[in-house]
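Chain IDs A, B and C follow the sequence of writing; residue 1 opens each chain.
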Amino acid sequence: MDFTLSKEHEMARQLFSDFAQNEVKPLAQEVDETETFPRETVEKMARYGFLGIPVPKEYGGQGCDALTYAMCVEELSKVCGTTGVIVSAHTSLCVDPILTYGTEEQKQKYLPDLASGKKLGAFGLTEPGAGTDAQGQQTKAVLDEATNEWVLNGSKCFITNGKEADVYIVIAVTGKVEKRGKMMKEISAFIVEKGTPGFTFGTKENKMGIRGSSTYELIFTDCRIPAGNLLGAKGKGFNIAMHTLDGGRIGIAAQALGLAEGALETTIAYVKERKQFGRSIGAFQNTQFVLADLATKVEAAKLLVYKAAMKKAEFAENPKTSYSVEAAMAKLAAAEIAMEVTTKCVQLHGGYGYIREYDVERMMRDAKITEIYEGTSEVQRMVISAALLK
Amino acid sequence: MKVVVCIKQVPDTKGGVSFNPDGTLNRAAMLAIMNPDDKAGLEAALRLKDEYGAEVTVLTMGLPKATDVLREAIAMGADKGILVTDRVLGGADTWATSTTIAGALRNLEYDLIITGRQAIDGDTAQVGPQIAEHLGLPVISYAQKIEVEGNKVRVQRQYDDRYHVLEAEMPCLITALSELNEPRYMTPGGIFDACAAEITTWGRADLKDVDDSNLGLKGSPTKIAKASDKVKKGAGTKVTPDSPEEAAQYITDRLLEKHII
Amino acid sequence: MNLEEYKGVFVFAQQVDNEISSIAYELLGKARELAESLDNKEVTAVLIGSDVKNLTDSLAEYGADKVIVVDDPELKDYRTEPYAHALASVINEFKPEIVLVGATAIGRDLGPTVSARVATGLTADCTVLEIGDFPLVAIPNQEQKHNQLLMTRPAFGGNTIATIACPNNRPQMATVRPGVMQKIEPKKGAKAEIVEFNPGFTPNNRYVTIKEVVKAVSDTVDIMDAKILVSGGRGVGSPENFKILEDLAEVLGGTVSCSRAVVDSGWKPKDLQVGQTGKTVRPNVYFAIGISGAIQHVAGMEESDLIIAINKDEDAPIFDVADYGIVGDLNKIVPQLTADIKAAIANK
């Protein structure tokens, strides 16, 4: 067991950190304040391959591992939670399922543009009546045999990269099957391109945090997509969705970790400078002990996140392995630690921490979503306990 | 077209400088980075690669740790890296350094050599022109823009209050200003490739047409008589002048004293 | 190399557009002082250019005993090669003990090329030059050389200072930072011995062609790049009143910046804000005018080389970091200061 980063990972961290500090940080406040999707940043990230990190070179990607990808999301999130989740949703929720479940033809068609960032990806599972419970899905896909097209009807909500994406993985009901004597919905996954007739966008959500990310409702009204856009086998959509979320959780865990680290770093700098009663507040034992606790928790989160990423890298080599529990633990811990760390960092900032101009205020709002999306903390506990009591 | 970029690994002075308890500079605590002017030179070379398919070689002289900047350069897009390292080369001043690098460059084919104008640790701006002198090449320093036309380079050369557009025949040597461009970042895939890349390492024996008497500390004409860290400034002076005239006079005198005006 | 053959202090008398640069006079001032400590007290200016013979008198007035003039049409605008050939030839012919060159955009190109050609050391960007012993203190079994040029220069972005000697090679060469050395009071009507010297100029591959000369107009500077910042705070009182700061910045060739309070009041745009939530600056001179000096502001400017604060509140925390703190009314002091500086510059 070795806790030392390889030379590659060390250099990659430096790259992501430099990029985040120079290109992302200066915009973070404005992106949040004005709810602007940082299109220019996404284009810059595309230029440097950040949108295809775990994609093999043969598909135009960077050919790096899941840890490199997680570190990218982490470093971006240290300065801007919005930018972190854009990369995470694109990579984990759109690129990864195509890479894992796509046919060679689908991979050739979609991956080069996604990996180069020419196109951005998103993932549609959640519906107003179906979040965690995938059986609640209402969106239907019916095969029109005459034209060999799937016809989609329904809607998806809270979709990250909603209106900004070009390629969407959409989960829909394709029929009914009997399972253990019960009639269950048969669920399948599809690749849907922006601009397909019948595919429109609904309301934009006005959120507490990650305000620059584009969160939209996707609406499908007799939206016809070619039969060849079925992703994986018909009826395998639930597995694909769950497996995709396993990977997504590593991205969100990395985002949460980044937010916690960013808040902690900012706060350490602040307490050294801020003076009360004639000395810096960092000289007070209360401050010191709080920081010690936070740093310890951040480190624990980091180890879990990196371990989950390493397990995912192992899966890439050997598909028989699973990283589901590691991913759930990483997300559960990192998200809750991010919330605690950012909240306490706001506290250490006192009045300034409550003001928009100070980054910790935004980080605290951004952190909250990490306990909710891609499976709430409660869902992570379900995943972990199910494995324990199996 | 073949371009060689000479780069140097330097301690990052930007984020402030770290001192040991005894007051000496704590180099270990400072991040080692690619010298900014050199990075601009590398970016200029990489643009020539993008545009004309130039082959870009990066060369550095330093301790084995300096391979880090070669790998960084490769991760940005350079084709190969050469490290010149040897105990006998240590302690070199700009004359001995330029002699060494010229000796290494004699082994290579090149149309263009690009160096940074100056390194942020020494701030001398001497090594580039001195390499050109040893190799008998035309030199254009302080380049703020570089274009290639056939076998000629056209360069905007910066002066205090103007610039000259200069044209030189290749091969030639150009020293780059960090204002020249905004250097690109590495790419994640480039980093993985760079870490797997073979770095050529040359020692004293690989230097061509170089006399031992011109190398290292012994071969350096300049010698350090004394080195010290700049004293951190103490508390300043506060005055309460009787009139605005007196106040203005006081400030003007200080500015004159310090040669600011 | 017979070191004894090398005698006298030479100064490269930089001219641009047939006008002697101020640095040439500064170097002559220093050369005069150094020569007093040497056996050979002659100060020589080396004047290189085309049609420059009429410039020799001013060099004499500022302290040159002798002026070596290299005058050739090839030398009209500065180019490394013919200039390096000219200066290196002068050195080889006249064998000076010391050669001083300004650390200008010209001198920092010419100096290294010439030093490499005549195979001697060069110390860059010196701020102090003295004559003394090397080693500074005698070391057993090592010859201590006297009358050496000791060249002191900052390194590491100004964080360290080194004193350098060139004991075994001649000439001892230094480039010298402009604005540091003192000119002497010019002696009207002083004359120097004029020596014309032309080593011959045959263009070769090292001659570059000047296609165009473009005199630059400076745009607005990023406050992070500015050498002089005149920064205003809430105490300035109004956006209109920033005019007096702009006037001061203009005479100093500086740039106006401000504190967060000013940005919050909408008086100035955010990109001029110095401080924790603005930019971190390190200019040579930072004027903090009507800025109280909240820690958030200080964090962004405390690394400035010289901090001058003007504030009417004598307890303002800005005075804790200022090199020079002036307690008083900025509305009266600043315009007066602008006028005084203008006058001081005109008198130079």
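Quick note on the criterion: a contact is a pair of C-beta atoms (placed from the backbone, for glycine too) under 8 Å apart; a residue touches a chain by one contact, two chains touch by 3 or more.
Computed from a predicted model, the values in this text were never measured in an experiment.
Participant: Using the stated contact rule, I'd like to know whether A-C or B-C comes out ahead in C-beta pair count.
Facilitator: More C-beta contacts join the chains of B-C.
Participant: Using CA atoms only, can you tell me which chain is the most central one in this structure?
Facilitator: B
Participant: Averaging only over C-alpha atoms, locate the centres of chain A and chain B and give their separation in whole Å.
Facilitator: Computed value for the inter-centroid distance: 41 Å.
Participant: Using CA atom averages as chain centres, what separation in Å is found between chain A and chain C?
Facilitator: 54
Participant: Averaging over Cα atoms per chain, report the distance between chain B and chain C in Å.
Facilitator: Once rounded, the distance between the two centres reads 21 Å.
Participant: Taking the complex as given, what residues does chain C use to touch chain B?
Facilitator: 16, 77-81, 84, 104-106, 108-109, 111-113, 115-117, 119-125, 134-136, 150, 154-169, 179-180, 205-216, 228, 252, 284-285, 303, 306-308, 310, 314, 319-329, 332-333, 336-337, 339-341, 344-345, 348
Participant: Which chain B residues qualify as touching chain C in the complex?
Facilitator: Where chain B meets chain C, its residues are 11, 13-14, 16-17, 25, 93-95, 98, 120-130, 132-134, 136-142, 154, 158-169, 172, 220-230, 233, 235-241, 244-245, 247-252, 254-256, 258-261.
Participant: Write out the stretch or stretches of chain A touching chain C in their complex.
Facilitator: Those residues of chain A that touch chain C are 273-275, 357-358.
Participant: So in the complex, the part of chain B that touches chain A is made up of which residues?
Facilitator: Touch list, chain B to chain A: 71-72, 75, 184-192, 194-195.
Participant: Enumerate the contact residues on chain C facing chain A in the complex.
Facilitator: Chain C reaches chain A through residues 276-277, 295-296, 299.
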